[in-house]
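Two complexes are shown next, each including chain A; its partner changes from chain B in the first to chain C in the second.
And now, the complex of A and B:
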């Protein structure tokens, strides 16, 4: 019961926080849309087929999740340390995994609204053709991607517990390079099989490729990385591994940070 | 206060701001990791465009649009760096370090201090842009023979453009002084809009007509056009082809002047309002 109450308690500020400043939502949709629009116009300038507009809009919507992982999952315990909340988490009579899970649940809710906004606006503004071959498979891939992705986010939050200002810079560093190797704006196969395989550690790589295959089967015929079934299986394995690792890593790094006196060290 | 004292104070503020900015940007890690960090992000950003192009062109890089995209994107690194480098200082000093109120209590020139803080970001952007361009020439085979580059035009427009960006950064810094919860969005929004509307990675001609006119009103459009003419010999925008290079530079210079006046007037007004409303030490738990 305490576990569930903690999950809800940590998810609550993320859900209700969106209501406090509604204009944030507008910016959260508008800013990624600027980037998406620029990339759509590049594809149009070089005469790409209309499906590529769909690739960009889908990738642009998924950037919201990766940004949420970096800035509101991985870096969150660093922010909590800077604002003096981390010690309260440590002395609270509850599971730290429940706190991380609450962050993930709240993050998924808030980010999904943004991602839907970007996707909807992108589809409307750029008249993106979308004809999924299987809606249940598409939803399944999306959900498996989110589980694996937020499992990775929980694992990263544990690792970032040790860091000070490095956390901010490392999160910043993981933006464009991940957008590149995970194929947010083009099919990841273009990077070669081995690079795509390495990039699959970030679940969005597999998720995006599978979703593109389900939405644009003909266009993806020569561009797919792996069959959808294999990608779905890999996402399930990644999800389980990340969640288990997050549980172990949280305990290990919390103890390490406690021993090295880094839990309450601010402004490093 | 004499002009000499004011000049000395401004120079000291610029110097100290630059030194402080450099320390904040770089001293969180060792030099090697910092160098990697500074270069990987922009190169990855450029490579996204390269692969977007390659996946459609299926290997061919001969299209003149490719150097257009690459060079525009390389110089755009400055836009984000200078705009965010200057405007973000207001949030950083006010909310993270809690030092902005002391800046106003100290004998310094806040404008040159803010510009100084942006100098570190500009230096990092210079390294990143240089490496991106060298990567384009050395690895991707973009044809930029040094003998054909108009170095005078490049240097002149480069400095003018940086000045325009610095004044735009000050303007955003003024807006940031008055806002509590939209700080991050202001810089990102303007940088994103400039990316879309200034013909950074595609010619203005591709945009809908209404947006083309907005793009034609932005100094960054003329900055990139002039830089491309200097480096590639061709600006690549049909919409600006009728303008001579001299006219492009003149428009850039005039718009920079207008921006300078507007940004200083706006920043002074924002300062007065922030002072009156007690916003200089505002804490929004950013």
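And now, the complex of A and C:
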């Protein structure tokens, strides 16, 4: 019961924070839409099929999740240390995984609202065609992507437990390159099979490819990276591996940080 | 000590921090924050750890709260080893650190406290009831619905103080809980600390402070710590009784004067400090007996200084610290111009 209470307790600030700070509409919907617009107009200028607009808008919506992973999952424990919350998390008689899961649940809730905002605005503004072959499969792929993605976020959070200001640089380092290699604005197969394979360590790579296949089956026929079933299976495996690794890494790095005095050392 | 129940026990507890080469600046690359500290705190005690900034008080609490591993030595809290079983220790403890800025600015005071209560598995209804009680105690009841980014530092500290008592922990660590608070608020919190321990005789509080009067007023027993070492441990009364054979004077002379060399030359002084304050110089003396005052006064007069006041005082914990360490508790407190001296 403490586990569930912890999850809800830690999710709560993110859930209510959305309602109390409306500036996210500008920063998290309008600004990403400008980025999306740039790609949409490039595709239109070169006469690409309208489905390409759909690729971009879908990718644009999913950027919200990757940003959330980097800045509100991976590096979150660093910020918590700076504010003094981390010490209170550590001394609480509850599971660290429950705290991370609470962060993830709250993050998914808040980010989904942002993503839906980008998606909805993109569909309306750019008149994106959407014709999913299977809505349940689409939802399934989306959920598996989120589980694997937030599993990765929890694993990264445990690694960031040790780091200080480097966390900022590392999060920056992972932001733009992943937008590129994971194919946020184009089918990832365009980068070649090996690059796509390597990029699949970030679950959004597989998730985006599978969702595009389900939304635009004909267009994706020659552009798909792997069959949807394989990608779904890979996402399930990644999710399990990341969650298990996060659990182990969290304990390992917490002990290491305690020995090195990094749990309490601020301003590193 | 057979038959006594200890809530906190440490044996030769030592913590050494390694300093990065570029930060060592020619000094040693190791800092001993805690040096073979041995303490035993009985169940039901309000135990104080008194020492200046940098004495090792916070390091001690961080180890006991399972946030930091000791380099050597052992520590047990509620009978559980903090290194071998930190998970079990956490079921018994709570902690409040003075000056901490925990919580989330977008949440209200009530919501922040509720969130922390959930990490302890409290039922929401029970948590809300307890939060109401505690906000009354700390004088924040009218701020329950205020987002914490609107709170002053003092109010935020009161909220954190309330957080520490939410679950009525078996062992509560209070690390400088009144630091930076106004006099009235600090008094309110101190009074609640005493009240809480009186109402829960099976609970234990370990409180660190560098405020001598706080330790004196609140604590059943006090350990005096400096540079990581425990120098003395007893009730405040017993510690002060240790100075019984000696007399304590406070003198004020005009002007901002360096009287160190002059007092060094006077006989019969066990310890002294002197500090410039508001245009005069204040001297605290511990003398072997009252007769030793005469040469001191003569020396002051001989130096051309005018005596403004002379007060014979009852010994305080500050004097005990001065007697043990050779400098005052506040000497390294950023207080500025206090000049400690060691004689003997």
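Rule of thumb we're sticking to: the second predicted complex is superposed on the first by the 267 of 268 C-alpha atoms of A that agree within 3 Å, B and C clash if a C-alpha of one lies under 4 Å from a C-alpha of the other, contacts with A are read in each partner's own complex, and residues count from 1 in each chain.
FYI, a contact is a pair of C-beta atoms (placed from the backbone, for glycine too) under 8 Å apart; a residue touches a chain by one contact, two chains touch by 3 or more.
Model, not experiment: these values are computed from the prediction.
Of the two partner chains placed by superposition, chain B and chain C are both touched by A:83. Once the two complexes are overlaid on the shared chain, A:175 sits against chain B while remaining clear of chain C. Contacts of A:21 after superposition: both chain B and chain C are touched. In the superposition on chain A, A:34 contacts chain B only, with no contact to chain C.
Of the two partner chains, neither chain B nor chain C is touched by A:230.
Between chain B and chain C, B contacts the larger number of chain A residues.
Of the two partner chains placed by superposition, A:125 touches none, neither chain B nor chain C. Judged by the touch definition given at the top, the superposed model places A:191 against chain B, while chain C stays out of reach. After overlaying the two complexes on the shared chain, residue contacts for A:13 are found with chain C alone; chain B is out of touch. In the superposition on the C-alpha atoms of chain A, the part of chain A touched by chain B in one complex and by chain C in the other spans residues 21, 83. Contacts from chain B toward chain A in the complex involve residues 28-29, 37, 40-42, 44-45, 47-49, 51-57, 63, 65, 69, 97, 181-182, 185, 188-189, 192-193, 195-196, 200-203, 206-207, 285. The touching residues of chain C, when paired with chain A in their complex, are 15, 17, 62, 65-69, 86-87, 90-91, 93-95, 97, 100-104, 106-107, 111, 114-122, 147, 163. Considering their complex, residues 21, 23-24, 27, 30-31, 34-35, 37-39, 41-48, 52, 83, 164-166, 169, 172-173, 175-177, 179-180, 184-187, 190-191, 223, 267-268 of chain A touch chain B. Taken together, the chain A residues at the contact with chain C in this complex read 1-2, 5-6, 8-10, 12-13, 16-17, 20-21, 83-85, 87-94, 99, 258-259, 261, 263-264.
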